[in-house]
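In the two complexes that follow, subunit A is the common piece, with subunit B as its partner first and subunit C second.
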Partner chain A sequence: MAGRHIIFLAAVYAFLAPIPLWLGEYFIHVVNVSLYYVIMAASWNLIAGYTGQFSLAHHAFAAMGGYTSALLVIHSGLPILLGIPVGGLLAGAVGFFLGTLCLKMRAIYLGLATWAFAESFRITLSMGYRLTRGDLGLSTPTLLATGQALHYYYIFLLLAVVGLYSMYRIVSSRIGYYMRAIRDDEEAALSMGVDTVKWKRFVFVVSSFWAGIAGAFHGHYIGLLSPVAVDFNEMAILIIMVITGGLRTFAGPIIGAVFIELLSEFLREYGQIRMVLFAFMVIVLMRVNRDGMVGLGRRIWPALKAYVKR
Partner chain B sequence: MSADGIQLLETKNLTKRFGGLVAVENLSLSIRRGEIRGIIGPNGSGKTTLMNLISGLYRATAGAIYLEAQRIDGLTPNVRTARGIIRTFQVPKVFRNMTVLENMLVPALSDSQGDRYKRHPEIVREAQALLQFVQLAHMENRLAQTLSGGQNQLLQIARGFMVQPLKLYLMDEPFAGVNPQIKSVIMESIKAMNREKGITFVIVSHEMPSVRRLCDRVSVIHEGRCIAEGTLEEVAHIPAVIEAYIGG
Partner chain C sequence: MDSLLLSQYLIAGIVIGIIYALMAIGITFIYSIMKMINWSMGEFYMMGSYLQYFLVVYFLGAHLWFVGIPLSMAVVFGVGMIIQRYLLRPMFVGEMERKDEYATVITVALMVFFRNLAVVLAGPNQFAPPDYAGPTHIGPLPVSGNRFVALIGTLVILGLFYLIVKKTWVGKALRGSAQNRVGIQTAGVNVLRVDQIAFGIGVSLAAAAGALLAPIFLVWPENGAVATMKGFEIIVIGGLGSIPGSLVAGLLLGVIESLGSVLISPSFKDVYGFILVLAILTIRPTGLFGERQRVA
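Now for the complex of A and B:
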């Protein structure tokens, strides 16, 4: 059974591995950042889309993983390959505490509490100048001696494939039932025997862990960390990615992350105006197609098949 | 506290206060194993609060709840489900974005059922058989949000039957707002599960004809207290009950 899964993962990896052959150095970098966002969006979808816990601290967990790993590597000489998982684990542990703190909160209250946590973390990073170098940013050692994006692509791809697979295993198991039941009606889930406290904490931990891992790896790729990564804009872009792709679907955040990151690159010259465009896009989507691109695809697909048959 | 094995559920001086409001006051009930007990009373008398206390959604301010002579009032709702207590809600609480079949699987796959989830195909067959029984089999792949109110009521009742072992089924207004055909399916399923599996039911209802047909005994709740107990015919002649319903 495990062998079959490994073969499947290897096949997916082998299928996606040649993509950079057709791309220049800059676009490989864009793809790498897309893969970072794929992990971020998919892991946020676990908590917000599947479990209905609208956390607004996901970007903070990525930064937490990044700073933890970077500071450990810089100050204790820990190898980067150990620093990254430690960053993920710390983010997961903090996710556990934040999840516990917010257990009884729902909807806007949960959003506000998690946003307040993220803001506190951002301010702490800015003020902890001696350790984090504040708004000047912290230079982080890069994982590879080479600066070539191509080499990082293979590691990002591995991380994304493994991360997505582990998340897929969760949502397609009985835990996925619990998550969706909690999202739809927590009281009913509890009355049906679901240990809602345990599973909400679990999802907070898993989701924060992957954000931490992605953030740590991203930090050691870019070579710089700054509190800007904890700006609300960063969280907003994650939400836009998931909603554009399709909240509550597994493929949605993957498609949305790649689409928005690519679009963002094409619109780079417009600066912050991009956010206005994205916000407008989300409003239109919410009005006409709430299921995002995945939902649109599901509706178009039967018509397309019928057309091809004709 | 009875330990003779006949009593399934007992509440002793159960009290629930919300600030200054006393919703349930010193309420003592004793439900026999295999009984179908009706809980009746005017609006706002504390019936639903009693359901919430027994199922664990509310913590009692004072008093105790025993299931099979074991105290359960400190347990969380999911642990009470593991002990064999399940409930429905007056406004059906189904998982709207899950299919009818997925709704059925949630309690069977839940933490309360230990490693039962490992027998997934068997659970699916059980769910399908129950859906057949409540005449929802043709809708198993539809999202619950597409069902009518009455069908959702049927679904939440059938979903509860997926729990094993199921000893006590608490139903809050199962006949409210459902058409006669669905009402009849609900009545038949209660009677069949009681007869064939020995499940004990506690049914809160305003629907007196259904209570008369189903319940061995009824408890009349008024202002959070149990003011009468007996068959429906017996309690209907008690002056305190008449006064509670008509006012005075």
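Now for the complex of A and C:
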């Protein structure tokens, strides 16, 4: 059983591994960043899309993982490969507390509480400048001695494949049904014997953990952390990615993150008009087709098939 | 520390608190009728400050600044009505699942949209409109003229807001829809129109704050972020859906920030409010004056 999954993952990895051979150094970097956003978007979709807890603090967990790992490596000389999991675990633990705080809250209060949490984290980061160097930014040791994006590509790809696979296992298991039951009707789920408290906390922990891991890897890749990463704009970009791809679908955040990141790279010369365009796209999608690109594909594909068959 | 200096800080806190409260009242007013949080409130504040700047600098001249404020409020009122009509009204027409999610995504997208549109149209630079008034005195205490004008302007706008909500027919319809959306329809009120007016009034309060504070906090694409932050802090402290709560919490926040920065340390000014917010959220999640149920 387990052997088959490992073979499948290895096949996916091997299939995606040669992609950078056709790309330039800079473009591989863009792909790496989009893989980071894939993990972020997918883990946010776990909590917002599948469990219906519209958290607005996901970017804060990434920064938390990044700062924890970087500070541990700098001050206590921990090896980076140990610092990153510690960052992820701390983000998961804080996710547990935030999840507990928000247990009884519904939509609007949950949004406000998670937002307040993220903002206070940002302010703490810039205020505690003795430790975090505040708005100056903390330069972090990089994971590899070489600065080549190609080497990092293989690390990020491994991370994305493993992360997405573990999230897929959760979503397609019994726990995935619990999550969707909580999203659709919490009281009904509770009355059917779903331990809503336990599974809500569980999802908060898992999604924060992956955000922390992704943030820590990203920090050790870019080599710089700053409180700007906890700006609400960053959360807005995550929302744009997930909505564009398709909230509540597994493939949606992956497609959306890659699509938005690559598109914003292609349109870089047009400056801020990109963001105006993306925001407009999200508004149109919300009005016309709330399932994003995946939903659009699901609708067009049968029509196309019927047309070809005729 | 002598009492004169302390009371000067107290006055500064009260002034800034009342202006913050204007923003919070806008948020809570929209919430109490449409049951949604407008995350793009700061962008309407930004819009108000830009309109005020361009009106004062290019059309009216520095001495006619007080004409600019109602004009920019009116424009933002119109923009808000249009946005509500085409983007937010669909929440209430027909069956829509997950209204909160829809409203959050739409308003966050609007935030990104307007922020970057401002950069595209007017550039990322800061603009400084001319001063509204020179330094004056409240009793023996010196106070900046701009802040004094902002205080008086806010009080006038709050007074007008009170009159509209309490004394007019529209105000009665607004209060009715806040209490019971179905009941007000049986009384022959078009609740969709009421929503539209409520959204317009809410965002024009934000625009008023933006226009009044333009010479103090300047005009640039992300200048609404701080005001939104304070506004949300106030509604969490005062309780969502309560207008008196917003006023009291606004004053409280202004005074705490002002006294905290003089008594403890000015660099942690933004942290005091959040400590209060997190304390309120854990001890009394509905805020000081909030509704009993936190199920929304």
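Here is the rule we go by: the second predicted complex is superposed on the first by the 301 of 310 C-alpha atoms of A that agree within 3 Å, B and C clash if a C-alpha of one lies under 4 Å from a C-alpha of the other, contacts with A are read in each partner's own complex, and residues count from 1 in each chain.
To be clear about the criterion, contacts are C-beta pairs under 8 Å (C-beta built on N, C-alpha and C of every residue); 3 or more make two chains touch, one makes a residue touch a chain.
This is a predicted model, so every value here is computed, not measured.
Once chain A of one complex is fitted onto chain A of the other, the partner contacts of A:267 are absent, as it touches neither subunit B nor subunit C. Of the two partners, subunit B and subunit C, it is C that touches more residues of subunit A.
Using the contact criterion defined above for the overlaid structures, shared-chain residue A:187 touches subunit B, although it does not reach subunit C.
Shared-chain residue A:7: touches no atom of subunit B or subunit C.
Once the two complexes are overlaid on the shared chain, A:82 sits clear of subunit B and of subunit C alike.
Once chain A of one complex is fitted onto chain A of the other, the partner contacts of A:19 are absent, as it touches neither subunit B nor subunit C.
Taken together, the two structures place no residue of subunit A in contact with subunit B in one case and with subunit C in the other.
Interface residues of subunit A, counted against subunit C in their complex, comprise 48, 52, 54, 101, 104-109, 111-113, 115-117, 119-120, 123-124, 127, 232-233, 235-237, 239-240, 243, 247, 271-276, 278-280, 282-283, 286-287, 290.
Looking at the complex, you find that subunit C touches subunit A at residues 31, 35-37, 87, 90, 98, 100-102, 104-106, 108-113, 115-117, 119-120, 225, 229, 232-233, 235-236, 240, 267-268, 270-271, 274-275, 277-278, 281-282, 285, 294-296. Across the complex, subunit B meets subunit A through its residues 55, 57, 76-78, 81-82, 86-87, 89, 93-98, 102, 105-107, 109-113, 117, 156, 159-160, 163.
Put simply, subunit A touches subunit B in their complex at residues 174, 177-178, 180-181, 183-185, 187-198, 248.
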